[in-house]
Amino acid sequence: MRRKHGFWIGFVSVFRGLGVTLLNLVGRRKVTVQYPLERPKVSPRYRGLFYLPFDEEAGRLKCVGCTLCAQACPTKVISMKKLGSGKHAGVSEFTMDLGRCMFCNLCIEACPFDAIHMGPEYELASYNRNASVFTIVDLAPGGAEAVRRNNATIEAAIKAENETGGSERKGHIAEVKLVVPPKTGGQEA
Amino acid sequence: MRAAGGDGIEALAWQAGPRQQAESLRMRVSARVLRDVCRTLRDHPDLRFDYPGDLCGTDLGSEIHLWYRLWSHEHGRSAIIDVILPSSDAVVPTVSDIWPGYDWHERECFDMLGVRFEGHPRDGDPARMRILLPEDWEGHPFRKDYQPVFSGDPLHGPQETN
Amino acid sequence: MAAANMTAGQDRRAVAAGQITAGVILLAALLALASVGYHAVERVRDTPVVAFIGEHPLLNAFAKSFIVANFVTLHVLFLIWWERKFAGWMQARLGPKHVGWNGLAQTVADAVKLLLKEDIIPAKADGRLFVIAPFLVFMPTLLTFMVLPFSASWVGYNFGLGALFALAVSTNVSLGILAAGWGANNKYSLLGGARACAQVLAYEVPLAITVLAVVAVSGTVSLVDIGAQQSRWWNIVAHAPVMIPAFVLFLICALAELNRTPFDLPEAESELVSGFHTEYSGMRFAFFYLAEFANNFFMAGLAVTLFFGGWFGPLLPGPVWFTIKTVGLVTAMMWIRWTVPRFRVDQMMGFCWKVLVPASLVVFCASALWGMWVQR
Amino acid sequence: MAGSEAAQVRLEPDGGMTVNLGPQPPSTHGVLRLMVQLDGEYVRSCEPVIGYLHRGLERMFEARPYRQLVPFTDRLDYLASLNCNLAMSQAIERLGSVAVPERAQYIRVILCELNRLASHLVFFGTFAQDVGATTAFLYAFRERERILDLLEAMTGARLTYNWIRPGGVPADLPEGFAEGVLSFVRDLLKELPLYDRLLTNNPIFRMRTEGVGVISRDVAVAFGASGPVARGSGLSYDIRKTEPYEVYDRLDFDVPVYDEGDCMARYRVRMDEMCQSARILEQCFRDLPEGDIATKMPKVFRPPAGDAYSRTESPRGELSVYMRSDGSPNPQRVHVRAPSFVHLSMLPCLLRGVKLADVIAILGSLDTVLGEVDR
C-alpha cells in the first residue's frame, strides 16, 4: 500500500521539484530549432516530396510507365500517361495529387525500376488544394527541361526502332491514360 | 455448457490458438440462447470468461454474422461466440448487462450494421443508440448494400479558400 | 549526424555565452543608467518648477498618478518578456527571440497587436459589466502602487496605514474578476469568476494576518516606516524565527491572491479554457494581463518591503535596489509557477482554511510575543 | 443589476448547469466532447460524445487489397502507429499463415517498444499539463523528439511510420541505429528519476491524483479495461505475457501492477513501463539475430476464407484486429478493437460525483487517443 506522505516530505519535495527546473534552466542545452532560420536535418530515409530520378546516361526519366506504383497506392494518388511501349516505354505525364497522399512508401517499394523516390523536401503546405497536385514537371529533378529531354529521347528511340524493326511494332507513340483517380473521393467505394 | 444453451448451441469446439497461445473455445449459438450461454460463460467456475474482449458484426449479404470474443483472466484463455442473424430482421438480445463493456460495442454495431440489441438501455431510440455517426444519420454504412450519399467530393470540394 | 549535432551544439554554446555576456553588460549598463537617472531626478526635485508642482495639491496628485500609471504600464512590458524568457529557458526552449534584442520588444509588439484588435463584446454578454470589468481589475492595482515605497522619499503617498490600505484595495480585484466572469455570460467564465472570488477572499484572511505579524514585530503599519526600520538587518534575518514562516505563508497567499500556479484555478487552462477572461480579446484582455503582472510586481514589492529590507542595499540607490529585489522575488514566483501542478478547488479552499489560517494565527501570536521580547 | 438586458447563463431549475467540454477544448486530447452536468463544481453526470474523427476506416479497409491496409492503421492510434501497424500486419499474417523471419520479429519489437516509449512520454507530458504543471510537458517532448529522430532515421517518417508490413519490415536498421537507441535509453533512464522528482513526488500532484478516479478491479474487468488502466487496477493483464506475440516470450521484462486503481496508479504503471521498455530494447539489441527481414508476399495476396484475430499490447491497452476473408483479394471485414474506445466507455460511471478538475485528470489518466476511438 501507498505510504501517506508527511508534511515535511511534501514540503521538501516541492523544493526538489524546483531543483529540477533550475537544473534545466542553467544546466541543459536548449533544444529549440529556430525553424525558418535553422533547418532541421532530415535523415537519408526521410519521406518527403516525391521525385522521379533522371537517368543522365540514357537522357530520360527512369520511369517506364508500368503503373505498378499507381496500383500499389492505397489512395489512388498517381495517374500517368504512358509514352511508347516495350523496351522504350516511358511517361509523358505523371501526376500526383499529394492532397491525398499518406506518404506511406508503398509506391516506392512497388517500383521495380527504382524510378520514383521520396526526397528531403518537407514544406508541402499550400494555400489551395490545386497546389498540392504535382505534375511531372514538378516531380522531375530538372523540371520542364528534363521532361522535354525525356520525351525527345523516347520518341527518337521509338522512331529509330520503327525504322529498323518489323512492322508489327509500329506507331507506338499512342498515349494511354492508365490510372485515373475516381472523381468522387475514392474513400468510401 | 450444453445444458445452458440446450439446442441453441449449434457448434462447440476447443481450438488451438495461433502459435503458443492458449486454446480457445469457439461456439456457434443462436440468438435465442445467447444470454443464457453468456451468463454461463461468465459465471461457471470452469469457464469464468469475465473480460469482454470484442464484438464485431459482418454483413454476409443475406445474413449478419456477430462475433463475440471473451477472455478469462482466471484461466487465461479466450472464447469466441458466433451468432448468425438474418439481415432483414437482425435482432439479438443484449449482453451489455452481463458485461458492461459491451455497451459501447453494441452501440457501435447498431450504428454501423443496424443490428438491434434487445434490452440495451438505449434500445428503441436510434438517435441515442448511434455512437460514431451523427444522431440523424440515415442507414447503416457497414451493410454491403449501403449506398453512400455524397454531399460533395470531400477531397475535391470547394477549392479556393483564400 | 552526431558530429554535425556536436558542432551545432558548440556553436550554440558559443552563441549562448555571447548572449549571456551581452546580457550581463546590458544589465550593468542599465543599473548604472538607473543610478545616474536616480541622482538626476533627485537633483531635478530641487528645481523650482518641481517644487511648485510638489506643493500644489492637485498638480502633485496628478503628477504622481501620471508617474505611477506609466511605471505600472511600462514595467509590465519588461516583466512579461522576462516571464516568457525565463519560462522558455526553464523548459529547454529559447523564449521570444526575434523582435528586438533577444525578443525584448516582443511584448511591445504584442501590446500593439492587442490594442489594434477589434473590441469584441459577445452578443449575449451583459454589456456594461463586460466592458467595465477589466478596469475594475486594473484600478485597485494602480491604487496599491500609490503606497509602495521605492525608497523613503520615493513613495506615491506616505500613508500611515499603508499596509492595511494596500491589502484593502487589492482585495477589490476580486470584484472585477467576478464582474468579468458574470458579465461574459459564459459558463467557463462564470465558474472561473466564482472560483476567483472564493479564492481571493479566502486567502485574504491569512495574508492579512501574516502582514499583521510583520506589523506586530515592527510596531508600525506604515510601509515606509516598516521599510525604514530595516536599514541594518532585513526583517527576515533580524526576526528569522518568526519571519521565515511568515514569509513562506505570505508567499503562498500572495500566489493565491495573484491567481498564479499552483492557484491558477480561476483561469485553469485545462478545465476552464481560460476562466474568467475566456471571452475577452484585444485591449480588454490586455488590461487583464497588465493587471496580473502589475499585481505580481506589487505583491513582490510588498514582500520586499515587509521582509527583505525594502530599498536598502549597498552602492546602488534605493529605488534601484527595491526594483532589483522585487524582480528577483517575481522571478521566484515565476519559478514556482512553471514547476508545480495546480490545486483542485476543494483542496485549495481546504488548504486555506485548514492549514494557512491556523498557521498564520500561530505565526501572528508568535510574532507578537517575539516583538514584545525584542522590544523589551 | 445584471441580467436585466441580457439572457444570463442558463441554469436548470435545480441549479445544475450543463457544460459542453469539447470538441475543441485544450484538454480532451483530441476531438472528444463531454456533456457534463454540473452542480457547482461537482459533476452530476457525464456523457461522452464521440465520432468527430470518424473516417470509416473499417469500411475503407474492405475496399482495398491486403497489402494496402497498413498505412491506414497509422491513423488509428497516431501516437503509437507502429503498434497499430503490428496489429494489422499480424492479422494479415495469421489469415494467410505467413511466417515472419526472426530478425524481422526483433526489429518489430524494437520499433514497437520505441513507439511505446514515445507514447508514454506524451502521456506524461499531457497528464502533467492536465493537472496544471506546464514544464513537464516540454521535458517529455524533448525526450520524445529523440525517439522521433531515431524512428525517422529508421522509417523516414516522424508520426505515421507504416514500417511494419505483412511479412516483416521493409528495410533493415540504418547504420548507427542501435547505438542511437541504446544511448537514448541510457539517457532516458537517467531522466526518469528527475521526472519523479519534478512531478511524481510533488505533494500537489499527489493530492490531485491519489484516490481520484478509482477503478476497482471488478469494474475494470467488467468493462474490459486493458493495458495500463487494467494494470493500475491490480489486474496483471499484459498481452505480451498472456498471449505472447513476436518474440516477447523470449524477452525478460516485468509487468508493473498497482492495486489502487486511481489516476496515480495508472500514471505509475506507465512510468514503470518505460523502464521495462528500456529493458526490452537493450535485450533486443543484444539478441538481434542476422537473417532476412521479410517474407516475400505475393503481389496479389488471397488468403483462404476464414477469420483471424490478432491481439497486441499497444501503449493504451489491448489493440486487436479481427479480420475476415472470403478468399478475394480484399478483406471481407476488418474490425479494430481499440483500447481507448473501451476505456472511454467507462467514463460516465467514473465521473459521477467527482469535481470538474478531476474530470480532466481522470480523462488524462485514461490516455485516450481519439484516432482509434473514432476510427
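Here the chain labels run A, B, C and D in written order, and each chain numbers its own residues starting at 1.
Just so it is clear, a contact is a pair of C-beta atoms (placed from the backbone, for glycine too) under 8 Å apart; a residue touches a chain by one contact, two chains touch by 3 or more.
No experiment lies behind these values; they were computed from the predicted model shown.
Enquirer: Farthest chain from chain A, going by the mean of C-alpha atoms per chain?
Expert: C
Enquirer: Looking only at C-beta pairs that count as contacts, which pair of chains has more of them, A-C or B-D?
Expert: Answer by contact count: B-D.
Enquirer: Where the centre of all protein Cα atoms falls, which chain's Cα centre is nearest to that point?
Expert: D
Enquirer: How many angstrom between the C-alpha centroids of chain C and chain A?
Expert: Inter-chain centre distance comes to 53 Å.
Enquirer: Find the geometric centre of each of chain A and chain B from their Cα atoms only, then give the gap between the two centres in Å, rounded to an integer.
Expert: Here chain A and chain B have centroids separated by 40 Å.
Enquirer: I'd like the Å distance between the centres of chain B and chain C, where a centre is the mean of that chain's Cα atoms.
Expert: Chain centroid spacing, chain B to chain C, equals 60 Å.
Enquirer: Could you tell me the distance, in whole angstrom, between the mean C-alpha positions of chain B and chain D?
Expert: About 23 Å separates the centre of chain B from that of chain D.
Enquirer: Please list all residues of chain C that touch 2 or more other chains.
Expert: 1, 90-93, 338-340
Enquirer: Can you list the chain B residues in contact with two or more other chains?
Expert: none
Enquirer: Using the touch rule from the top of the page, what residues of chain A touch 2 or more other chains?
Expert: 14, 17, 20-21, 24, 31, 43, 187-189
Enquirer: Could you list, by residue number, the parts of chain A that touch chain D in their complex?
Expert: Touch residues, chain A against chain D: 1-2, 5, 9-11, 13-14, 16-17, 19-21, 23-24, 31, 42-47, 72-74, 102-106, 109, 118, 187-189.
Enquirer: Taking the complex as given, what residues does chain D use to touch chain B?
Expert: 50-51, 54, 56, 58-59, 94, 221-225, 235, 237, 242-245, 249, 307-309, 318, 320, 322, 324, 332-333, 335, 337, 341-342, 344-345, 349, 374-375
Enquirer: Under the definition above, what is the set of chain D residues touching chain C in their complex?
Expert: Residues 1-3, 5-9, 17, 19, 25-27, 38, 41, 128-135, 138-139, 142, 153, 176, 198-199, 202, 204-205, 207-208, 355-360.
Enquirer: List the residues on chain A that touch chain C in their complex, please.
Expert: By the definition above, chain A touches chain C via 14, 17-18, 20-22, 24-25, 28-32, 34, 41, 43.
Enquirer: Help me check something: in the complex, which residues belonging to chain D touch chain A?
Expert: Those residues of chain D that touch chain A are 55-56, 59-60, 63-64, 67-72, 74, 135, 139, 142, 145, 149, 152-157, 160, 162, 170-171, 174, 194, 197-199, 201-204, 206, 210, 259-260, 264.
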